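Dropping the structures in below, format is structure tokens.
Heads up, the next two complexes both have chain A, just with different partners, chain B and then chain C.
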Partner chain A sequence: MSRPLLDIQDLTIKLRGQQDERCIVDHINFSLQTLETLALVGASGSGKTTIGLSILQLLSPAMQMTNGKIYFQNENIVEFGREQLVKLRGGQIGMIFQDPLSAFNPLFTIGFQIEESLKYHTALNRKQRQEKILELLDIVGIGDPKRIVRQYPHQLSGGMRQRAMIAQVISTQPKLIIADEPTSSLDVTLQAKMIGLFKKLKKEFQLSMILIVHDFGVVKAMADSVVVLSQGQMVENGKAQDVLNNPDHSTTKKLIQAAGI
Partner chain B sequence: MILELQNVRKYFPIKTEVFKRTLDTVKAVNGIDLTIFRGETLSLVGESGCGKTTLARLIVKLLPIDAGRIIFDGKDLTDLSGRKLRTARQQIQMVFQDPFNSLDPRFTIKRVMLEAMVFDKKINLQQKEGRIFELFAMVGLPENIFNRFPHEFSGGERQRIAIARALATNPKFLILDEAVSSLDVLIQDQILDLMKDLQNKLGLTYLFISHNLRVVRKISTRIAVMLQGKIIELAETQELLNNPIHAYTKELLSAAMEYKVSDQTQNHFLNDHSKLTHIANGHHVIHSF
Partner chain C sequence: MKKNKKPLTPFQIAMGNLWQKPAVRICLSVLILFYFGALFADILSPYRFDNEDRNYSYCPPMKIHMVDEGKPSRPFVYGMLLTFDEFHKRVYVEDKSQKYPLKLFVEGDTYKFLEVVKGNRHAFGVGLPGRLHIWGADSRGRDLFSRILYGARVSLTIGIVGVAISFFIGLLIGGIAGYYGGWVDGVLMRVCEMFMMIPGFYLMLALRAAVPANLSSLQVYFFIVIIFSFIGWASLARVIRGMSLSLKERDYVLVAKTIGISDMRIILTHILPHTFSYSIVAIMLSIPGYILGESALSLLGLGIQDPFASWGNLLSEAMSIVQIQFAPWILIPGLLIFTAVICFNILGDALRDELDPLLKGERPSS
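This part shows the complex of A and B:
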């Protein structure tokens, strides 16, 4: 029997050097099918971003994965060497960060930074890369791509930066995108537009997604399945519809009520 | 009524880089008339760039006003300056969006709080400390945080500190500029509950600024929708949510509630001279020509 696209087993993460037994991520199991959108939901500090980072093996040195296996396309990422990881990050798995201003390097133009991922992850030559960049920026809804490629991150508005980052992430045609609070720093009108864009891209590029959010409104609009976290533990897991209609755990109920949907 | 704005305007010039010639103006606040009643929570909603924050800054006179009048508690604030302005300002306080930036990282919490009371000459240091403890109790903070620094607190705790600081001068009127937007949904609810509680205890009036109608409806008495420097619709909370009239209000509602935008989002053009007109039951909507 083949495994799902992503299969996380018994994932446990602790603070390095701490004597106490408190886990940041406490024996978590979940899996993600191809083309599925799974939402990791929880209050701040519940461990949702930590799980996202551990999938890319990008945990800060202060944290240590003490147990668990992360299977992506039947291979255990935990056993990957440096070279394999470089291919994986930004290639097979893309990550969209919450704050698009700090995710870009302020010293380089948008075009340069998108080209960088194309250079490392595709076999396109320089001219093809330039064409590809313009095409990508057009797909994510940037009106004047020729001008934008020459601009620096600070010259763009929050929504534009977010779009440029999405263009960079999809440029390598990843199988899986991890989006960490992709809409939290935007105002509601933009949030709605971004969610529309994600839905469009999912279809066009055959993407699977892990969505890290605290807002059940976003879950309702986008997710197929949900994992609810509280203090590092998984308290609920199921189809988005079922969880929204019949929340079981008190944390889930509180989160749904607070979202005001 | 506690605050009345009469035809308030603020235009920002866009200048060329070298010669500072004026190319164009941004009409950030373009003729706003608004009355806020004592004890209510009026929410100002709209997308980024619509002028919400500029209006708030005009009310506390952090920005000079171009035209119009601001009348607070029967007094005309428009032309006040110096000591008179400082006295008047004690009645109006602000809580900002980002509690990571609004508290000085090098000040202890004690100093943050004392600074807010620096103009209060009637009570001595000891009495001030007593007052700070009272405020902490009110906003649900422990007493032993006096000598700690802002970075030691979580976002929700910092926002409580910012609220305690705003209350230090015994204000009647609080402006909350996106005060819960940077917090997660559970903490948002806690802070909203705290604010309702304080309003009941202290008889405060709030101007609550936010882009999110979903948050706003939990706390508002009335909601005003802003677009391009103008208020385009104003009504009681339930009325506005149930019977939105202006096309932009409808868009904002479906974006906030269901995360949906229609593919052809309309461009809304507002005439400089268009004014709010009363429809029924305190429901106002802008009349576009």
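This part shows the complex of A and C:
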């Protein structure tokens, strides 16, 4: 039987060097079907981002995955060697971060930084890469891409930077995108635009998506299924509609209430 | 400001501010003059560095005359006659019967400019059999001015080449140690400390002793540079390691990792460039150390060997008080070392004032 695109089994992450039973991520199971959007929801500190990073095997050295399997396209990522991981990161799975200002290196132009990922994951030559970058920036809705490629991150507005970040991630046509609070640092009107952009990109690039959020408003707008976390434990897992309509756990209820839906 | 003008980068702004300071302008001009002299030493010097005339041993700086028997004339020098006074002290007197007019682009010793273009024209000089020593001559009657120009090639480049190599090593080692952390960091830093533990000058002497003595001057130069870089990298590596340790926690480094960029490239593009505002200053401030180090080695006879010139080995003639008393002009190389070192230090300090972000807030706005 073939597995879903991403299948996480019994994922457990602890702080390195601590013998007690407290886990940052506690025996989590969930899976993601191709072209689906899964929302990881929870208050801050509930382990959402940690799960996201563990899928890329980029946990900080202070944390340790003590148990679990992460199957991506039927292969267990946990057993991957260095070279396989490099191909996976960026090439197969891309990650979008919350704060696009700190996610760009302030010393280099936007164009240079998008080109970096193209260099690593495609066989395009310099000229083709330049064309591709302009094309990508156009797709994510940046007007005047020719000017933007030559600008530095601090010269762009927050929304522009977020779009540029998305362009960087989709440049290599990954199968899965992990978006860590992609809309939290934006104002409400931009959030709506960004959600629209994600939906458009999902169709255009055949993306599956893990959405790390705390806002059920975004969940309602985008997610197919929801995993709710509380203090490292999975308290709810189900179709977005079901969870929204019949929340089981108090954490879910609180989060839904906070979003005012 | 004009529209459409490209906005200045912070670095360009800093450079603009620097240029406003008179001290910076002076020091930079002096250094440019020095390096210009070193580059065109072949042409600017009246003689080759090994052209000697024993009749002019310790000849004092010659007077350039503009007036000939009460009438203005083109500049000329008299020949010098060696005589002894009642204390058997050497005294040079001008021989009014020999008059040598100063000429531009005079024919003289043949040289290969920068080892490529052959030539025998010198920017200024006097025709044979006259000799021109505007800054005096040394014990063998070699022209000090010419030797200083040739010596500048060694003394002024050794700092830059040495700094370039040691910074390359220091940045790389520091970057790697900080980025990887763990045992890599531990091993590299212990090696650094080993180098820093040994007093620099003794390490220098020990390393010099390890190198065979009968080498050509080019080889000696090469070895000295390596020895200096060997000593210099450690302290820089430690600082860079600290910076890299904090820089690797930045989000864009994590982003670079999620893109799958290799560790080495992350270190080179996403970590080390952020240390440049520190390292540019450190480079400026450490060049004088190399110039002084070369002088010290040459002074002890372990550096560049006679007849080749460096400011250090020119100064080594001035080791005894008697020679300084009778021929004070042989101290000129020392004065030039002093000037160059001061200039580099002032430039370095000014650069730090501009580039160091920690100092920025505290400075009163000017």
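To be clear about the criterion, the second predicted complex is superposed on the first by the 261 of 261 C-alpha atoms of A that agree within 3 Å, B and C clash if a C-alpha of one lies under 4 Å from a C-alpha of the other, contacts with A are read in each partner's own complex, and residues count from 1 in each chain.
Following the convention adopted for this analysis, contacts are C-beta pairs under 8 Å (C-beta built on N, C-alpha and C of every residue); 3 or more make two chains touch, one makes a residue touch a chain.
These numbers come from a predicted model, not from an experiment.
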Which of chain B and chain C A:15 touches, first, second, both or neither: neither
First (chain B), second (chain C), both or neither touched by A:56: second
Which of chain B and chain C A:102 touches, first, second, both or neither: second
Which superposed partner A:121 touches (first chain B, second chain C, both, neither): second
Touching both chain B and chain C, residues of chain A: none
Touch list for chain B against partner chain A, complex: 47-48, 154-155, 183-189, 211-215, 217-218, 251-252, 254-261
Chain C-touching residues of chain A, taken from the complex the two chains share: 56, 58, 61, 85-91, 94-95, 97, 99, 102-108, 116-117, 120-121, 155, 168, 172
Complex interface listing, chain A residues touching chain B: 43-45, 158, 187-193, 195-196, 214-218, 220-222, 254-255, 257-261
Complex contacts: residues of chain C adjacent to chain A: 7, 181-182, 250-252, 254-262, 269-270, 273-274
